[in-house]
Every structure is written in C-alpha cells, then in structure tokens.
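Just so it is clear, A, B and C label the chains in written order, and each chain counts residues from 1 on its own.
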Amino acid sequence: MPVDTQSPILRVTGLNKSYGERAALIDASFELWPGEVLAIVGESGSGKTTLLNALAARDKPDSGSVEFHIKDSGLTDIFKMTEAQRRLLARTDWGFVHQNSADGLRMEVSAGANVGERLMALGQRHYGKIRATACDWLARVEIDPARIDDLPRHFSGGMRQRLQIARNLVTQPRLVFMDEPTSGLDVSVQAKLLDLLRQLTQHLGLASIIVTHDLAVARLLAHRMIVMRRGCIVETGLTDQLLDDPQHPYTQLLVSSVLQP
Amino acid sequence: MSTPVLRLTNVGKEFTLHHQHGLKLPVLNDVNFEVASGECVVLDGASGMGKSTLLKLIYANYRVSAGSIQYIEKTGESLELTTASARELISLRRHRVGYVSQFLRVIPRISTLDLVAEPLLAELGHDEQAIKQAREQACVWLTRLRIPERLWGLAPATFSGGEQQRVNIARSMIKPRSLLLLDEPTASLDPQNTQTVVTLIHEAIAAGAAAIGIFHDQAVGNQLATRRIDMTHFRSITCAAQ
Amino acid sequence: MLKINHPSETSTETLTSHENQAVDQHFNFAYLDERTKRMIRRAILKAVAIPGYQVPFGSREMPLPYGWGTGGIQVTASVIGPHDVLKVIDQGSDDTVNAVNIRRFFQRTTNVAITTQTKAATLIQTRHRIPEMALTEDQIIIYQVPVPEPMQRLEPRERETRSLHGLSEYGLMHVKLYEDIARYGHIATTYDYPVLVNNRYVMAPSPIPKFDNPKMHMNPALQLFGAGREKRIYAVPPYTSVESLGFDDYPFEIQRWDAPCEICGSRDSFLDEVVTDDQGGRIFVCSDSDYCETEQSKLEASAVSTAQLVSKDD
C-alpha cells in the first residue's frame, strides 16, 4: 500500500480543553505516522476521551491544533477546515469505532445497508456492487454474509462491534479512532475482535488511535502508548517499553495494578 | 571485513521503584563495548548481574539511565537508540534487530504457521502470493526445528515449553537480521534440538549477522562464542575498569 | 361499458360566481391579512430562488385543522387574485369533501371564478395528484404537503437533516431505497417518492403517486408546495430538472396497469381501483375526473361521427 514516509499523518500540538473550572486536557502534543497504532491509556477522568474527541473533531479544543495529512495539501489544521470538509473527512479518510455499537450503527437498517452507507454517501449508485462490497466486508470481519439483510438489533455485542468496524473500513480510511472497542464484551469475544483489529490494521496499513483502560489490549494492538492522568500526558513511548520498564510513578502504579490470572 | 554493528558507550541502568518509597536498584554501570558482524558475544555472569537487562536495553525494551547505544548500518550511518523515535525503533526491530526471548507471548487464534511466517509478511506485503511464500518458508523452519506438522495449524498456547521455545526461535530467526539478541534460547530444549539451534545461529553468523547471547549451558556458550564478556565488570557496586 | 355519472357539477361550466356562495364581507380578500400574504410571498420567492429547499414560514391558524391542507390553502391565498380561475382537486377528483370545502372557502373569501377543467384554470390546488393534462406557463399548481422532510423517517432530528441538506449528504436516502430492494426485491416506495431538484436538493414531492413524478420534470408551470403543520414552503420553478432517485441497476419506474379505464378507455392515466360487488369484482377508472370526462366526450364525439359516416354510406 502506498505509505507516505515523509510526513506524519497526524500532528497534535498543545491541545487544551477545560469544562468550566475543570481542566480536562492540558497541553497534549504528539505525532502519529502512517501505519502506527497508538494506545491512549488512563483511568477514568484522565482526559483520554476528551483527547480522542478533540482529535476526531467531535469537540473543539480551547487552544492548540490538530493537523491531519491530506493528499496533495499536506498537514492541515482540522479546525480551520469548513464543516463540510470535516464531515467528508469523517466519512472517507477517518473511521470512528464507538464503545457502544449502537452509537456507531444505524440499528434500524440492515447490516448490508450499514456497511454500504458510506459508499452510497460518496455517490455509488449500483445496488449490486454495493451489496457485493458489503458481503465482502462482512466476511472479512467474520460475520456470515448470509446475515447481510438482518438488523443489527439481532446481532450479539461482539457481532455489532465487528459490524461497526466493517462500516468504518469500507472506504479504506487512513486513520481509525477507537474508543474502548472491547469493553463490555466477553473475554472470548474480545479475543476475536482484537485479533481482527490487529490483522486488519496490519494488512491495510491503518494508523489507529485506541483509547483503552485495558493494558492487555494496548500490548496486543499498539506499537506506541500514551499514559494520561488528570488531563496530562505523563509518559509516552513504545508499548512494550512502558509496560516492561515504566519510568513515571503513575505508569508504574498502573502496570503493577493489573491482575495476572 | 567485519564491520561494527553495535556500540555501547557508558551505558548505565538503575530502576527506581516509586511505589516502594523511591527505592533505587542499580544494575549496570559504565558499560562499554562493540560488536561486529560475524561475532557472537556471550555474556557471562551469575543471575542478577544484568545480562537480560542489557539485552533488553539494546532492544529498547528497557530505557537506559545513562549512556549511548548506537546501531551502525552497513553503510556506516548510525542510529542512537536512546533518543530514537518510536517509529525508528519499530523499523529497526522489524528489519535489523531480532530478539529471541525465553518466553513466547502467545497471541490467541494465530496458528503456529502464521506466527512464524509473520515477520516475512511485513516486508513482502499481504497479497496471496506473498502469504504463500512466507508460509512455505515457515514450513521449512518448523520442520528443521522438529515441530510436528500436525501442530502447525494450532495456536501454540497449549504446546510444551520446549515446543513454544522452538516456535519462538523460528519466528525470530526466519528473517535474516544483522543483529541477534539471544536470551537463553536453548533453555528448555533437549540436546538434539539444542544442537539444531546452535547450527542455526552459526549459519546466521556465517551469513554476516552479529549476535549477543546469554546461555545457561556452558558447553553451548563455548560452541558459539567468538568472544566472551564478563558482566561483573559492569556491576554498579564496584567501579571496575573495563 | 359501464357508465358512471359524476354527481354535482357538470364540467361544461367554466365560470361561476356568486351563485352558490355569497362572499363573506367579514374577511379580507382570501382570508389572510395583507402582511401575512407578504410574509408568505417572501417565503415563496425564496423558495423559487432555491428550488427544492424548504423555507420556514409563519404558518397561520386557519379555519381548517392541520392535515386538511392548510399549507396549500395559505399558499393559494397568498397568490390568488380577483381574476384568477381556481381548480381544487383531491386525489384527482373535484368533488370529494376536501376539494369541495376548500373551493367553497375560496369562493366565500375571494369570489373568484372556479372551474373543474384543468385547461381553464390559472391556479390549481391539489392534494396527492398532478392532473393528467399538461400544464402551461400561465398556470400555478399548489401541492398540499403533510411531511416536507424526505428523510424524516430515517433521521427525525431536524438539526441533523438541515445539515445533511446543507452539505448535500444524501447517502441516507439511498440507504432507504437499498433497504427496500433488499427487503422486497424492488423499491417499495410508491408515493411521495423522493426527487432531486435542480441537481441540488432532495425533495419530498408530497404523497403523489410515483406515476406523477415525471410530470414535475421541466414543467412549464410554477409548482409550489405548502406544509401548514410543519410550517414549510418549497418550490420548483418552471423548466427545472426533477429526477427521481434510484440505482443504476434498479432505476426509477412508474406504475402500469393491465387494463384501461373502464369509462374512457385511457391507457395513459393513473387508475383507481374500484370494488364493485361483494364477490371481489373490481374495475379501474381514471383518478383524474376532469381528464376522464374529457376523454369520454372525445369518445362520444367520435362515436357520433362514426355513426354519421355509417349512415351516410347506407
């Protein structure tokens, strides 16, 4: 796949966000390169969700910039774009996998329609082809293509999450945001989902930002990790380095608190 | 003919346990040495001397407290590992530096064959042809390491320690690399398989790789070592000269 | 051939004035005060300037309840003048309760001439049908609209649909059509079939049968749409492109019948199904009563001339 090795795909500089008196995000900065998977780890209240929402343009930060690399124009501040441009980006070059699949799916239309929607939004007008693409993606996320006409409300939690992934990846986005993609799922179901994410990320060369509180998910999926506490990034580096040789006291606390079965 | 591949200068490592009242554990002090292609450096010392720690520092799995670690390409260009970006380190691990650890971290649902083939795919791509090629290579390695064919389709989670270890070695060595870090690679192996691994390492070195290894078995160490380093030189308690 | 007499008015009358209804002196011309008319006209102008775009307007309390065409009535009341000739139809017929009441309302408040002949009208207010006979540049057709938002069932939040319209994000409309094909094998929408107006806005054409959709395309007449309860006005100016949505492999298609109209023999008009007995007997007749009568007269005229020819030969 064509990989731009000259420029990061995302550059975050000095992001700040407060809700009234409470500072939810303080001076967050980092870069993400094509094909990299970054885990943002922290406990509740750490600011990881605030950060993710700012990155995905769902919430405007108070200060700082988020630049995304657009073909032919290079790094562009996403908050200086028009709403229309941002929405187009969100539908084509970005993906967003929600924690609760009902937030990321249309529950009242079929699985096939869910997967095909982005294609239709982009102007695809051949029913047969849309359906074939949808079937292909359902198979890729290990949902039986025979269920293409079933409603998501008849799917299990794990299947809904996989459907969400298919819905997002159908336009081959370069950057995928994931908000606790495995929380609430049974362990065996989680394993399946994580494996799928791992494979798809590698095969498609996706850059990905995954918010999680589960260090095992971070270890499995992410090359790099950011640890957040009370709105600040306290440590950043290679995932295995942070988990095996944590430097910051909070990181050490986090790592040592994980139960080993 | 042999060119330096790795250079350690004044490397030190001290662990700080913040949640045990800031307890400091010094492990390594003032480590200086070079490794060139075609060399197999064996680290000697009792357990707790920091042998494993040193390998992990080189692999960037641990972070140094002091000093510099340089990886040197055939072209002469060097990368300072202590300040390299995550991207550069990941690339280094993918293409240049291999690490054979004692423990196989098992990813559920991946078959042994695919696990071993994976390092090749990063370079070849993920199309049908490349996957087929990579798998064929993996078969060769697994055969050589005497993993029964009936196990190739299974995930290694239920394999014996020795079998897991051999899968690990296959995975780490299937792709030729310029630097191999070997952390007790023959620990759980029987004599026959141990010899196979020794041969594999010899082959890699003959092909131009450099290796740094820890071997609990003196005999194996003797077979492989082109040079030995005594870790007591790097103990933090004494400030011994090299 | 069965002959059904249309009750009430005979269609030869084109001009009636004060006979049935005395003009009610308590109301302003066309019921609405002049400021309201101005407000509505401004909304209409805006709607005409942006074909297919839903313009909000201050819908007034009318003497008919919501659901009875108050939007259409307000639009008509704002454009009607003393020299206009008004036709009011409901499902193609001039004599249903709805049509009769609206016509009576305008007679009482404006005293304009009324007609049942499409050809003679300058203003046509309609509920759920477009007349079969082609309209001209001198005519205005006003549609009564229940739900102006074409995506309402799929996306009930107005804030969201406004953004979708503004950004031309119409994927959702095609999702609905896709679902129909997946579920029924064909697009199941048969009325209020969504259209793309002037290549820009997707519009709900009101519950006219999809059979009528092609009539909206490049129509010489001005087409105005009024939704009283939802408080929206929209428009399709003359000679504007109106395309019905579809897929390349499942294109838009209009309805067809196997049988012709029982009364006039037409094969080109929209037919209503009429149950005639308890054994399930049924016939198909034109929905557009004016059109049917006109065709009927043509048939009778040609029957007479044929008879004359025959008798000549004898």
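Just so we're on the same page, a contact is a pair of C-beta atoms (placed from the backbone, for glycine too) under 8 Å apart; a residue touches a chain by one contact, two chains touch by 3 or more.
These numbers were taken from a predicted model, which means no experiment stands behind them.
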item	value
Contact graph of the chains (line, ring, star, complete, other)	line
Chain closest to the middle [Cα centroid of all protein chains]	A
Where chain B and chain C are represented by their mean Cα positions, the distance between them in whole Å	80
Interchain centroid distance [CA atoms averaged], chain A/chain B, Å	32
Centre-to-centre distance between chain C and chain A (centres being mean Cα positions), rounded to whole Å	49
For chain B, residues contacting two or more additional chains	none
Residue numbers on chain B that touch chain A, as the complex places them	15-19, 56, 60-63, 86-87, 89-90, 107-110, 121-122, 126
Chain C - residues contacting chain A, complex	154, 163, 167, 169-172, 174-175, 178-179, 181-183, 246-250
Sites on chain A touched by chain C in the complex	83-84, 87, 106, 109-110, 112-113, 116-118, 120-122, 125-128, 130-131, 148-149
Of all residues in chain A, those that touch chain B in their complex	33, 36, 191-192, 195, 198, 202-203, 220, 223-224, 237-238, 240-241, 244-245, 247-249, 252-253, 256
